[in-house]
Amino acid sequence: MYYGIFAALMVFTGLTIGVAFINLGALNFPVAISIAIIKATLVILFFMHVWYSSQLTKLIIGTGLFFLMVLFVLTMSDYISRGWSTYPAGAGQSTRQSESAR
Amino acid sequence: MTTPLLPREHYLNIRYGILSWLLTKDHKRIALLYLISVTAFFFLGGFFAVLIRLELATPAGDMVSSDTYNKLFTMHGVIMVFFFLIPSIPAVLGNFLIPMMIGAKDLAFPRLNLLSWYIYMLGGTFTMWAVIVGGVDTGWTFYTPYSTAASNTNVVATGLGVFITGFSSILTGLNFIVTIHRMRAPGLTWFRLPLFVWAHYATSLIFILGTPVIAITVLLLAVERGLHIGIFDPALGGDPVLFQHLFWFYSHPAVYIMVLPSMGVVSEVVACFSRKNIFGYSFVAFSSLAIAVFGFLVWAHHMFVAGMSVYAAMIFSFLSYAVAIPSAVKVFNWTATLYKGSISWQAPLLFVFGFLGLFTIGGMTGLFLAALAIDVHVHDTYFIVAHFHYIMVGGAIMGYMAGLHFWWPKITGRMYPEGWAKFSALVIFIGFNLTFFPQFVLGYLGMPRRYHAYPEEFQVLNVMSSAGASILAVGYVIPMVYFLWSLRYGRAAGPNPWGATGLEWTTQSPPLTENFPMTPVVTEGAYEYSKREMRVV
Amino acid sequence: MWSSLPLFPEQASTLAHQVDNLYFFLVALTAFFSTLIAVLVVVFAVKYRRTHAAQVGAPITGSVPLELMWSIIPFGIAMVIFAWSANVYFNMARPPDESMEIYAVGKRWMWKFQHIGGRREINELHVPIGRPVKVTMTSEDVIHDLYLPNFRVKADVIPGRYSTIWFEATKRGEYHLFCAEYCGTKHSAMIGRVVVMEPTEYQAWLSGGGGEMSLAARGERMFQELACHTCHLPDASGRGPSLQGLFGSQVKLADGRTVTADEGYVRESILNPQAKLVAGYQPLMPTFQGLVNEEALMGLIEYVKSLPPAAGAPTGTAPQPATPQGERKPQ
Amino acid sequence: MPAPPGAVHVHDAHAHHPALQHQFETMGQQLESATLGMWLFLVTEIMFFGGLFMAYLLYRVWYPVAWAEGSLELDILLGGVNTVVLIGSSLTMALAVRAAQTGFPRATVNYLLVTMALGLTFLVIKGFEYAHKFETGHVPGPNFHFEGPHAQQVEIFLSLYFAMTGLHAVHMVIGFGLLSVIAWMAYRRRFSPEWYAPVEMAGLYWHFVDIVWIFLFPLLYLVDRAHHFV
């Protein structure tokens, strides 16, 4: 089974390199990240035996990832909304739209 | 009641010699190693605080130079936060008590436990070295770009000291979580655990999840300063505010690292000295977890004027109110526990009364700071200084003192002098309020923190504060003296001088190396005082 | 004695009483809850004190209704505070459209202010009564923080970007001006005073500077000296985009994004021209980092703000009528 | 609940396994504690790298063009080879754990040696990449040199590149040291199907380091490469 997982990981590595040379516009980043997440999941579940592990182990990994997301999402909530207008709806509408278009 | 005698063999006298301490794997001996080191750091940090207050007794910066003053408050902060408050209760009382409270022979990883003390000492050595060769002047917050580009003091050494010490916290937290999950005695279900253990479980979660972030942040800071790698450098287009986000992601939850264990102590002491079940056990237990989790969602309320987005500020303000609720729930539950209790006015309970009053004020003033509009005015003023001292000194240290007194008979086998202890509780309470209450007023008047010299109209309040600080200092020296005195002259305590429930009181004081002669079996909840026939042994 | 024991700062701006009302509410709340807890603790501790050694407490383990009560009521109170404070905060974050502008630069360890009319001052800030004032600030070195306690406003002053505060003074007098973000050796000496004057006095003071050029005029001179005008022609025929009516408009960038031309954008485009390259132009412009300091940059920005839209909108920019960003005043 | 109901005493209470430490009751309890501790440690590692990924995320959102320019400076061939090498080493590590678990000490040693060799290969290749950066002056700091309109932001990119890959390389070195000890212990026949916890723990660590690279490779080498010259 380990060899099968290894083969899958190799396929995904090839895929991610290949995709990097194709211009998908805004999609390149999500695609690269998704492939990396799939690869990491394979390693965690099978090489690291989490598939067969206790609920507690899964809970701990989940907790770690949850707080990692908290760090990312709440920090970015600041940066993404920095340019947003503080003016009431109407006056600053155009500014807000242009920001969300970024 | 016959006078108890000290047991013939216990963890303190089973082996002698310096190596038997430096190489010990016994959690109780490691706790004592920590006790000695954090006490040393406490008095060092306190010494800096006294110098700060002396300087501020007059408006002009006349006692020390402004560079020296800046170093004084920085080192006061760094030492108190990273080397005293964070390790104090977990590494001393937690280390000593968690295995005993859950009926285990030791923590899950005794060698790791010893290692974490050595790491702590190594980090402390780095920091002390930085202090000795000239100090550091960035403030304990190390804000960039001051710390990376402008300061010409020993930022890298101090940063590495904090970085290293972080691993000590991580290992302690890891050890506690594994121990609480895997080492509980037969019959000790989660909801029979003492609340002290719940509090430490929540604290350990913060250790595990938060500490690595400060570690990498301080490391990046040191690398940026030392090797000119630019991550927060505004000259390159980097954002110094990112440093603040990463810093507070840990350093706000770190406040809960300080106060949660203290809350654990309060739960034990209140239940014991009112001989009553804790009111709303599961609410108190889960509020610890809620504080730990919500504590991670509120960090940017330290940054409301730091150039953050208005909308993000609102999110963080809202979440900050969410974390206030579990703290309020705890205070109400402790108060309700006293209702129809059998209340014995012993020193640990007096310290807890102090905790309740001071923590309530500290917590309520937290609402001022979470309120965006008021925070804009009082941010970086003495209002903030007063607020966090009410939480950290009035909350965390009061709880630590309560815990030290409560378990001192268990740790040493001897009683401390009760009268002196009550006296010191009173002195600390009065000195504390006199020191820090005027600072609320000063802060709202607009006196900024970290000021070496200040306008003359602030002097009266500053003099009050400095006078209070001298009383407070005496209040902390008294226990130091009588604790040392009691080591030799204290009356032997017996296994359970308070008539407390809890597994740690079922074994002799001081305990055996492996705590219990045989693994205990638990059949009831943690605080079944009212079912017991009281017999003090 | 008591005259030297101040308890409350003077209210000298329109925001002050908004902040203070909330403050008084919270003080009352704190007093109520602290007293409540203190009284309960003392009463219980006295009333239920242990009278004989074997006495135990009553077998009470908790009450869910009580728990719910003391979770929900505090939460409700907290939400009231949140909504109230967020509302005041929003007022603080939003300068009125007709605000008068002042530029400030923080530098270890002094504050430098520039008035639009050209007067410059150090560690002193003169403002008129009854007129909203918006201070646009940046730092030349580390993070500072401009704090005007009697106006209840403060904001960090951050190198590399602009932050703003605004206030409308209501009372004549001199007030404290502090640096509230620790910035090194003389942090506590980075202080000054705000002088609030009657509008007529202020006008007199403004013109008493000895015939300095206006900020925009200084910016224009800089614009010539640095030869910016050789590329940024007014009619979009130059190698650089026209700056006429640029300020406050939407700019289309070469990478497809659109940004608002605010102070930060103009500043970045001078120091780091290729960071936001305008669509249709070549990356030819050199950086002016090191050639212009923060004060000169503010002059350039004020000059760019002063340029009226050219007839026939220039490429890439669509001037925005009545945009709140363009708080240009007819001064 | 010292041990879950399933893990009843494998051994007679009087015949303790020599590797059973005094604070535990059973080998099952000991192994579970070790596993739990290791996972908690890995969670701290996630958060440790998390701070760096946060910085990466912010500046990538701010400076996408500089990010594309920066990633073009990195050698996709060497990075790709290293990815294959590291995933390969994860495979051999997993095989080593299984060999230890099923009681094949010689295979354990061999797999561990292959893993170490692959790890060393990774570090050597990484060393060549770093050396190249030093030659071209692409190392952040006073001597940083980069031709291009976004030199400053590219310096941030390369700062993060060095910070992230450097921290990863440090973890590799530590892992290498760890595996050397484990391999020596395996060579001395210290492990058995009843007690192979150290092999498993080292394996978890090694896989974690692999996972970090799985993210670093696309984020640093590949991202936005395609639409640099739009």
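Labels A, B, C and D are assigned to the chains in the order they are written; within every chain, residues are numbered from 1.
Methods note: contacts are C-beta pairs under 8 Å (C-beta built on N, C-alpha and C of every residue); 3 or more make two chains touch, one makes a residue touch a chain.
None of these values were measured; they are calculated from a predicted model.
Chain centroids computed from C-alpha atoms place B closest to the centre of all protein C-alpha atoms shown. Between the interfaces B-D and B-C, more contacting C-beta pairs are found at B-C. In whole angstrom, the spacing between the mean C-alpha positions of chain A and chain C is 35.
Each of the following residues of chain D touches two or more other chains: 32, 36, 40, 43, 46-47, 50-51, 54, 58, 62-63, 152-153, 230. Within chain B, contacts with two or more other chains are made by residues 181, 209, 213, 235, 237, 241-242, 245-246, 249, 310.
For chain C, residues touching at least two other chains, in rising order: 90, 93, 272, 275. Across the interface of their complex, chain D is touched by residues 255, 272-275, 277, 283 of chain C. Looking at the complex, you find that chain B touches chain A at residues 181, 205, 209, 213, 241-242, 245-246, 249, 296-297, 299-300, 308-312, 315-316.
By the touch rule above, chain C contacts chain B in their complex via residues 1, 4-9, 18-19, 22-23, 26, 29-30, 33-34, 37-38, 40-41, 44-45, 48-50, 53-63, 66-67, 70-71, 74-75, 78-79, 81-82, 84-90, 92-93, 108, 141-143, 145, 147, 149-150, 152-156, 158-161, 163, 176, 178-189, 272, 275. Residues of chain D touching chain C in their complex: 63-65, 149-150, 152-153, 230.
Those residues of chain B whose C-beta lies close enough to touch chain C in the complex are 61, 66-67, 70, 137-139, 143, 145-146, 149-151, 234-235, 237, 240-241, 274-277, 279-283, 305-307, 310, 313-314, 317-318, 321-322, 324-325, 328-329, 331-333, 335-336, 338-345, 353, 356-357, 360-361, 364-365, 367-368, 370-374, 376-377, 379-381, 441, 444-446, 448-455, 457-461, 529-536.
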